[in-house]
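Should a chain be cited, it is by its letter among A, B and C, assigned in written order, with residues numbered from 1 in that chain.
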Amino acid sequence: MGATLKVYATGLDTLLDILCGCLILTMQAGFALLEVGSVKVANVHAILLNNVMDVCVGTVGYFLFGYAVAFGPTTNGYMGTFHFALSYLQSDYDLTWVFFQYSFAATACAIVSGAMVGRTSYHGYLIYSFLITGFVYPTVVHWAWSGEGWLNSDMYGLSFQDFSGSGVVHMCGGTAALMGALVLGRRKVAKDVEEHAISESSPALVTLGFFILMVGFLAFNSSSQGAISHPGDAGAMARSAVNTSLACASGGLATILFERLVHKRINDYYVLCIVVNGCLGGTVAVCASANVINTYGALFIGSTGAIIHCLWSISLHKYTSIEDPVDATAVHLAPGIWGVFLVPFLDRKTGIFYCGSAGQYNAWRQLGVNVAGIVAIIAYTALTTFTIFTILDKAKLLRSHQEKLDHAEALRLHEEELHQQQGHGFFHDVSHGH
Amino acid sequence: MGATLKVYATGLDTLLDILCGCLILTMQAGFALLEVGSVKVANVHAILLNNVMDVCVGTVGYFLFGYAVAFGPTTNGYMGTFHFALSYLQSDYDLTWVFFQYSFAATACAIVSGAMVGRTSYHGYLIYSFLITGFVYPTVVHWAWSGEGWLNSDMYGLSFQDFSGSGVVHMCGGTAALMGALVLGRRKVAKDVEEHAISESSPALVTLGFFILMVGFLAFNSSSQGAISHPGDAGAMARSAVNTSLACASGGLATILFERLVHKRINDYYVLCIVVNGCLGGTVAVCASANVINTYGALFIGSTGAIIHCLWSISLHKYTSIEDPVDATAVHLAPGIWGVFLVPFLDRKTGIFYCGSAGQYNAWRQLGVNVAGIVAIIAYTALTTFTIFTILDKAKLLRSHQEKLDHAEALRLHEEELHQQQGHGFFHDVSHGH
Amino acid sequence: MGATLKVYATGLDTLLDILCGCLILTMQAGFALLEVGSVKVANVHAILLNNVMDVCVGTVGYFLFGYAVAFGPTTNGYMGTFHFALSYLQSDYDLTWVFFQYSFAATACAIVSGAMVGRTSYHGYLIYSFLITGFVYPTVVHWAWSGEGWLNSDMYGLSFQDFSGSGVVHMCGGTAALMGALVLGRRKVAKDVEEHAISESSPALVTLGFFILMVGFLAFNSSSQGAISHPGDAGAMARSAVNTSLACASGGLATILFERLVHKRINDYYVLCIVVNGCLGGTVAVCASANVINTYGALFIGSTGAIIHCLWSISLHKYTSIEDPVDATAVHLAPGIWGVFLVPFLDRKTGIFYCGSAGQYNAWRQLGVNVAGIVAIIAYTALTTFTIFTILDKAKLLRSHQEKLDHAEALRLHEEELHQQQGHGFFHDVSHGH
């Protein structure tokens, strides 16, 4: 009887992890469609090919190295160094966890491509995808989710609270995206051709991409408990699903209010894109706390996460020389930080706003741990990925052929050709449509 | 041991409800793509934005009010009035049911937008979405599915038979759609520009939308048992899945036969759209009885449901002044009524055609209850939504800017501009392609 | 207690089979989108309508006849002849298996359409779809997967090893596709118009189609154990998921290396299409062995399967008069054969490379059985489908109206019209883009 029960528990957890892993992998299609909605038709083949290759390289990278780094026996809490190429696993059943975590890694890696969409060379793309899924992201996972990492284990006395990856997945992916955009720098292309960048089918593909990501996020967040066979698992799954929906919805509503009241945009396509990104920003922010907050907490986190996304998007374009055509950093990095920061306040049992005077010490200590986690993850990811992108750039492997053309030259050519020909291979930036 | 078993039962039901809830939410993308396939390119941004906002508002509406109205402790069998904002639930596990039912509510709400696609203003759209997901639809759910409603509970001695919502979801959504179209009235636009309305990518998006809806419906109907941990649950789930596939398929075949034999259409795009809608019409009709009919019953319900959809679509356009660009009422309302009506005949155990002489009394009584349900749901939904739409229209909140332009004026302008410019913001009506 | 446990086992297996069946059915959308990416815009309505009708006819064909042929009590190990129209099943729960197997049959049938995309008439399409899902494919399933077939049962002492259908699904579907293409013959249309065949939205739809198929394949392969409630099921599911991802990824990487090193293509759209097909080729090859190979085995099978797909695609076009616009035979038939052939070598326990000297006899005997299966499945499918297609062609039911026009005439007309008009209803062949 006991053996049968164990088989059923295994079956339950496997169903959860494999089926949700599959749904999470559909997010690859969502990311690809969102990117396509923001680029020139002429460039679209290369971008889509990159998206497909991204998955290929990331898969090989994660299975050969990433899993071992993330979940192998720890080396001083910093990274794992065993089970390379999935070797020496105890049983086939361990592969359930491997596959599930692989779908998370693929998501983190897909975030990066957004900020550099269409500007990277084929080879540069493959190399950084491999390094990020094989080493950079898995290290962060080891810290926070392996049970043996310095940031979240009994060994080191810290307990970083990030249920489904506002920090581990989105801050890490978003920081890498930011470093990529920083190294590439802003393109110097006149803006008056942007309207031509939008093909007729783009808005439908953007919306489809959004709905795919919305459902993918629901699977992502609700499965983050990782199991369904223990007491409390089902409740955590259900609460995460409900809170994710609430945060996504309130993110969209906050964004449209912000746009209408503060920003007064009139371009329909721009509004569609920013609302969709606002929904996603709200969802990213709620990841860290989806299993522990109540209805009002989800509404608050979702709406503020979306506003922060709007402010980041506007500021990045106005005050910096960084370009992020699909707002990857605005959607993933900024709300990711915000989400991790808010958990110690809004946890409906132990949070600063809820725990009463007896729990204040622990709650503020939790805030300290989460802030330490934010700093550590961003610093580590920024350092490693900035190094990777800089080396690739120096080795002339990062930029695509078109990107390598002198921008001033591109501009000169562009002005000459403008009246003869529509569209010329440069990008559309959704953050300043008119 | 008993506690462990209970945890497993909870795990099983949660997996069913949350995963199917996710799949059901993909139907939002399906509805959006079907709508996009039937409108002018110039209008598409606004429509897609409305689809996204619909989900946002509906989500907030359902979690704040809808669930409490649908499943809160009853007030005289009419509606629930507790658990607003998901408060005072016994445990996190109750949220499983909340999320699952939320995916149904989102579907019902999405139906409404089809009949008014592109003609409503932004604010009007948000208000009626909120009211329908927050109050109108949940009331119907309370009657039929809460276990305490007047239409289906021991308390009142009635047992409305509607397994997965031919009545509760589709008649309700379809009636609301009809009221919306009725209040808006027919647009007075010349038809010779319609061909321009179809963008090159539309047929692929329509087909993709259909397949998304087909799979969504399979998840919808097979999960309607709501649980998988009791004896009989698995069988009901399997029978529903098979019957849904059969009804969908026979709906498509009946539609194409009808078109070829009776209607003799030659426009390929029109045939694609009506076949796809015929499949969906068959699926809608089978919802009420998917768990209790046999193979032949499914083929009969699916094919007749699809024919009724065709006849409704043609009649609506020919004999009324109501306009329904995506045939939302033809797909959801008419086959919905038909499906609820047929259950008492075709239930393979207790139906009029199967139960033998001993069961006739109960079977005919069941027919009475189902007809009462049809009348009550339609009357209630029509009354409430007609009121909502009329008030919104009087308050100048319902119609979009373009819709508000005098139609005659639009027509005049249109005729002037026709030879200079392709495409000008009015709609394509698939029900009279040529 | 025992009864409760049985209900839970039933629940677990039902969840697996129905949910994965739903995910597998999304592959219909994937196939449709891949086909649309390779055809003329003018032809797209008819092709999409065919894809929808394919599902309708296939569904009815499988439920009325196919299931009985595949899983009815055997007649001499050749085919089943009971349970027509799903009659006389023991309980509703048996329908779980029916639905699950139906999703496989729909996949096999969808493969066929690819090789004849847009060239078949409406009626011919419906007839062969019905025959293939109703009889041809189910017979092969009966041989290999019913537990009573001559190719895999204790009765006949053979045990064909094909976990999730490299042979049963893909070789069968691919052979039928090849026969269809053979009967249709090569179209004689000039190639210089091909560029016009690609609409702006095609690459995005192709990529979306690929991701849908990738996820569909993950569900397909990981659910092929058919159950999750017995010891070992969960492990088989997990191993299949991981190996499928690895084979897909290594297939894509091998294809791009092959293209860059050997083939030196420069057309971006062509590269996207062949990489996507390479990924799918790798996935097809791994189906047969996904549950029994290790990481390196998956990488080897995936990459070699993809290379074989490339070589087949090139050879078919260069050396034969067969036309296969979406490379359906290159993706499904060739890697399918390769996959079935490799199992007896790479099984990590009993394979020729792993089993040590004691197991060599059994391993080589297994190779004999698998080769016999390859020969039998191809011979049977080729014979039956060639007969079907030839009869349909003689009866003037196979070819579409356009296809029936004399090719020389078409060519003459084409040359005249080329300078006046873009696009004229013939197909784009991705296998020789430039």
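Just so we're on the same page, a residue touches a chain if its C-beta (ideal position, glycine included) is under 8 Å from a C-beta of that chain, and two chains touch if they have at least 3 such contacts.
Please read these numbers as outputs of a predicted model, since none were measured by experiment.
> Superimpose the Cα trace of chain B on the Cα trace of chain C, which carries the same sequence, then give the rotation angle to the nearest 5°.
In short, 120 degrees.
> If you list every residue number at the chain A and chain B contact, are more than half found on both copies (same) or fewer than half (different)?
Chain A vs chain B: different; shared/all numbers falls short of half.
> Could you work out how far the Cα centre of chain A sits from that of chain B, in whole Å?
So the centre of chain A lies 34 Å away from the centre of chain B.
> Could you list which residues of chain B touch at least two other chains?
1, 5, 8, 12, 15, 19, 23, 200-201, 208
> Report the residues of chain B in contact with chain A in the complex, numbered from low to high.
So the residues of chain B touching chain A come out as 1, 3-5, 7-8, 10-15, 17-19, 21-23, 25-26, 28-29, 32-33, 36, 41, 44-46, 48-49, 51-53, 55-60, 63-64, 85-87, 91-96, 98-99, 102, 199-201, 205, 208.
> For a test of understanding, state which residues of chain A touch chain B in their complex under the given definition.
The touching residues are 1, 5, 8-9, 12, 15-16, 19-20, 23, 200-201, 203-204, 206-208, 210-212, 214-215, 218-219, 222, 228-239, 241-242, 245-246, 248-253, 256, 268-269, 271-272, 275-276, 279, 294-296, 299.
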